[in-house]
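You will see chain A twice below: alongside chain B first, and alongside chain C after that.
Showing the complex of A and B:
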């Protein structure tokens, strides 16, 4: 009887997974195997494939474009993963504040994540045009640099004066007192407006800021400026998604921990450092893993740039693969593409493994 | 005693003030973040209705958002094409348009040369799209001059000058034989000495130091005036063979792909998720392991073989290819996790009663899984709608077979070079509409569901 049930369950199990298995095997397992085979062959999608040993890998090593793509992919992955993880945590901390309208703020914060990469990339490309809004904004900041500096100094001064005056009356007043902060903000705003009215701290630029963000070969640090623009686009859309993960993590931390810390006299920063951060370790692990996987396969933004940027300043490993498989107006080099694809896969696995071993571990360190 | 009391009261008030301030500051921070995140989108939305989104400097107040112009455009739309919303110029059209010029009294006010030019607006494919011109179907074209009162102007040197002005009334009718035409451009050439001070609608363009004022369309209708760029997306990206709007085909293709993906995802993810959560069968662990690996490997690693498989079964350039090619591991995982949270007793009772596995699954488990099903439906739809890679690889021709994101790329290629960003931005915004609707309706399923969002990438 029992045996019969087992037998039935086995058959039912197989039947249930069959549809998914077909999809998984055809479009993943078989595909992965074929990529492996092609990486040792010479093939152009149409004529018969021929074996050529490790020639593709050798060709990869001597291809300067591949070295460039590899460097870009690595740097992009590290930069974006780091930035987006920090920003996602900050955003989650903000969204987790218990205030009225919390739901509204969460919805708005999440909003950038729902849009397609295509729409988002086009919007950002518009922002990043030479005559675009970003350059105009930078120009404005440049013009008002003096005023902005005065503004900061003024704020600090007013805040300090208030602090010294407040200290005389109440011992518990701190420099960052919220009431003083608000007053300083108000006074600074009025002061700045008056100064601006007299034209103090404002200068005329001899020519407008015209940084070429996309169609350029210049590099800043490890990445071409074009990819820095993509970094901005990418972070903008991924941070809200990752914020949700952190939010769930934050909600699972019991309030009693904070209450106890409060009683012990721990500051907000100490609470963040010794309660929130260690408790969020498992979430950070997920966020970083997803970040690495996601950034290494970043493709859409590069492809959507199209002829708006030179190949050398936008290429990544994922795009290198595509570019070799479907070169515009050339013969497909499937062997090269497959070899590069496997390098990409290996890189992903290695980076995830490194991340596992370097601290951002799965366990909470209580 | 009373002094001490007063002291305490004052201190209490000070503490209260601080609490209130800190709430206000917190809202300030939250609103600032919201402004940055939404601001970019709203900024671009604003730019998408401008004539030139790259204008320098960027204006926050411009003719398309001025309600006075909406009213005028409405009226002119009705005069031209009997359509207050979308305007045009058709039989029965009878349009009146005014232009006022002014000049110092020391110079003569000359009649400007006013005409309806025979030219197509826009860039890209526009020239091939607009074949009928208002200029060819005008009747009774009249320009009459009415002199207005003099007025005083203080010039740059601070000296008061006497100016005079005149208004030209332009009127024309449709010849009642020709076809309906979408727009009526207008052009006015005046000597440099006189200035265009007013017109029924502000000119779209001033050229040659203000000598030439031109209007892209003086019978736009209210919507046609504000959403001109949006209309152009439909009108100007057409399949030159069939005359059908490409944007509409892309939109339909994307809808088809998205619904197909949702259906397939639901089928695969529920069955596999259930089996992995509940049933023991040989290969269970291996399958689960493969599933996790498949979520880690970039699609660029497997796309060559998938492209060839699709080519071998002759589905290249069809939406079916894009529907079937995706491996829905993330959704399987979500369903597995959900089914594991369902108490076992429920199905065990059903199984005891002699119901088969399939009946139990279909009749008992699935109806209970609504929240999870909605979650993966939203994920699948959003993922499919926004997917760029697979449509790019699997659908290459004809242009009308593209999915929307790839269509946007081809719009950008066609218009970006010419710097015509108005049309590109308008296209980008329209492409987001279905996902926006989905987001608004199912907000709580998305924002409150960390599992779904976590495994999206």
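Showing the complex of A and C:
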């Protein structure tokens, strides 16, 4: 009887995993095997594939476009993964605060994630136009830079005066007193408006700001300006999902740890450093791993740019692979595309291993 | 008795076999969507109904929304391609090179002989015609008559060369606030109208690209239009094509094809515009132009190849082309239709169609295709134009860098 039940459980188990195994075999094992074979062949989808040894890999190494794509992918991955991990943690910490309207803030923070990548790319392309909203905003800041500086100095001065006056009567008054803050804000706003009315701190630009964000070959640091625009776009859409992961992690940390730490006199930063961060290590592992894989394989936002940016300014390894498989108006180079795809897969694996070796592991680091 | 019955049956069978067969083949047809769906559906369901029935052909039309070139490439590779389909001149080379396209049948060669010659050139491959051009477009100058009237400047005309054309644009731009002469785009698909007029060719006899003095002359003229006060960058107006600037009333002229008819019908129905030819080169007196065309081609693997060729013949027949012309949805490829009364009508759409139609046979005309290099070839000149227009490179540097890239692409030592 016992043997029969075990047998039935075994069959049920196999039935449950069979669909996954089939899809794993067809779409991963078989596809990987075919890609590996193609990477050693010359194949254009039509004529008979011919073996050419490691010629595709050699061609990759001598192709300046591949070197560029590799550099862009690595830099993009490091920049985006770092920034989005930090921002996701900060947003999660903010969303985890027990404040009024908590649900509203969480919804607002998460909102960018529910928008489709295609829609977001189109919106960002509009923002990044030479006469687009971003350049107009930069132009406004440039025009009003003096006024903005005056505004900050004015605020600090009023706040400091209030603090010094308050200190004469009450020893416990702090510089950042909320009531003083509101009064300073109000007085600064009035003062700034008066100054603006007289044109003080405002200058007219001889030409509007017209930075070319997309259709340019200019570079800033390790990346072309075009890819910096994609960095902004990518972070904006990805951070909310990662924030959710951190939020779930934060809520699993027992309050008693923080209470004990407070009793011991630990500051907020010390609590973050010695309780929150180590406890979030498994989440950080997931966030960083997803970040590395996602950024190295980033394709859609580059593809959707279309002719809006030169190939050299937007190419990444994933796009290089696609561009070789389906060159616009050209003959498919499936061998090169397969070799590039395998390099991308190996690179992803290496990056994840490096990440583990530098301390972002799967286990809680108490 | 039995022998007589057997002989009778055999006789009937022989007579049936000798009769012309009414095949009633189902032919799968595919192309991209948009306006084309209306054109093809009307052709097969209304215009050619009798001819299709007589030929025993049932058409199964499968329009594709999305990247048609990629879908067709996959389908041809997998052996699941439709029997008859579009092939765009831009990506024709790899498709023809694949060996999956059946050359135009002998019966249809008679139709091909009647087409505008430059259209057939776009679909020649290794000495064989691989498809019959179904329609086409070329470039022309659309101009806003009200703008030129307000500026007190004579509108562009057939006699304009580069200099007089630029002078008119400069005058409009200086006489009117907020209206520019033209908006320029870093795109070979527009720049070619000037480059080809100089006599420059994209490929020399060895198959290499040489950016010689003729190319440089056109490059300099095109890039300097902005600095000379005749044009503005399209991106500075938030646009990606010259038609967009023109339709918004931001520029006096556009350099586009007959697709502007439908665009302006929707975007600026009250615009009082007209169309003239691309300006001539001041020394050669030639105009440059590109032909954008699409063929009907037949798959080699088609199981109903004869019917597929018959269908292509019907879809490109004079009757079908006459209807295409009169519908105003596309320009027919048949040369004789140049004399059609539609082109002689004095309205903006007929004038635009006529000028664009004539563009295919007027001056230095090249098909919009770049051998086996496709978009990789075009990207180089586009990026050189972009770098020069945005002042990221000088004209000399932009051309020198582009030449290096062409040498690498085409294997020139």
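By definition in this document, the second predicted complex is superposed on the first by the 361 of 366 C-alpha atoms of A that agree within 3 Å, B and C clash if a C-alpha of one lies under 4 Å from a C-alpha of the other, contacts with A are read in each partner's own complex, and residues count from 1 in each chain.
Note that in this section a contact is a pair of C-beta atoms (placed from the backbone, for glycine too) under 8 Å apart; a residue touches a chain by one contact, two chains touch by 3 or more.
Worth saying up front: this structure is predicted, and the values here are computed from it rather than measured.
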Original post:
Once chain A from each complex is brought into register, does chain C clash with chain B or fit beside it?
Top reply: clash
**OP:** Using the touch criterion from the header, give the chain among chain B and chain C with more contacted residues in chain A.
**Re:** B
Original post:
In the superposed arrangement, does A:181 touch chain B (first), chain C (second), both or neither?
Top reply: first
**OP:** State whether A:34 touches chain B only (first), chain C only (second), both chains, or neither.
**Re:** first
Original post:
Looking at the overlay, what does A:335 touch: chain B (first), chain C (second), both, or neither?
Top reply: neither
Original post:
Which partner does A:308 contact after superposing on A: first (chain B), second (chain C), both, neither?
Top reply: both
Original post:
So, A:45: does it touch chain B (first), chain C (second), both, or neither?
Top reply: both
Original post:
Which holds for A:129: it touches chain B only (first), chain C only (second), both, or neither?
Top reply: both
**OP:** Figure out whether A:224 sits in contact with chain B (first) or chain C (second), or with both, or with neither.
**Re:** neither
Original post:
So, does A:241 touch the first partner chain B, the second partner chain C, both, or neither?
Top reply: first
**OP:** Determine, for the stretches 115-123, 133-141 or 367-375 of chain B, which one clashes with chain C when the structures are superposed.
**Re:** 115-123
Original post:
Overlap of the chain B and chain C footprints on chain A, residue-wise?
Top reply: 45, 129, 131-132, 307-308, 326
Subject >> Residue numbers on chain C that touch chain A, as the complex places them >> reply: 69-70, 73-74, 76-77, 90-91, 93-94, 97-100, 186-187, 233, 235-238, 240, 369-370, 372-376, 378-379, 382-383, 386-387, 390, 392
Subject >> Residues on chain A engaged by chain C in the complex (per definition of touch) >> reply: 44-47, 129-132, 210, 212, 215-218, 307-308, 310-312, 326-332
Original post:
What part of chain B is in contact with chain A in the complex they form?
Top reply: 11, 14, 17-18, 20-27, 29-30, 33-34, 37-38, 40-41, 43-44, 47, 53-54, 56-58, 267-269, 271-272, 274-276, 279-284, 287, 290-291, 294-309, 324-329, 332, 356-358, 361, 382, 385-386, 388-389, 392-393, 404-406, 408-409, 412-413, 416-417, 421, 424-425, 427-429, 431-432, 435-436, 438-439, 443, 446-447, 449-450, 453-457
Subject >> Complex contacts: residues of chain A adjacent to chain B >> reply: 6, 8-10, 12-17, 19-21, 23-24, 26-32, 34-35, 38, 45, 91, 94, 97, 99, 103, 105-119, 122-123, 125-127, 129, 131-133, 136, 170, 177-179, 181-182, 208, 236, 238, 240-241, 244-245, 247-248, 286, 290, 293-294, 296-297, 299-300, 303-304, 306-308, 317-318, 321-322, 325-326, 334, 337-338, 341-342, 344-345, 348-349, 352
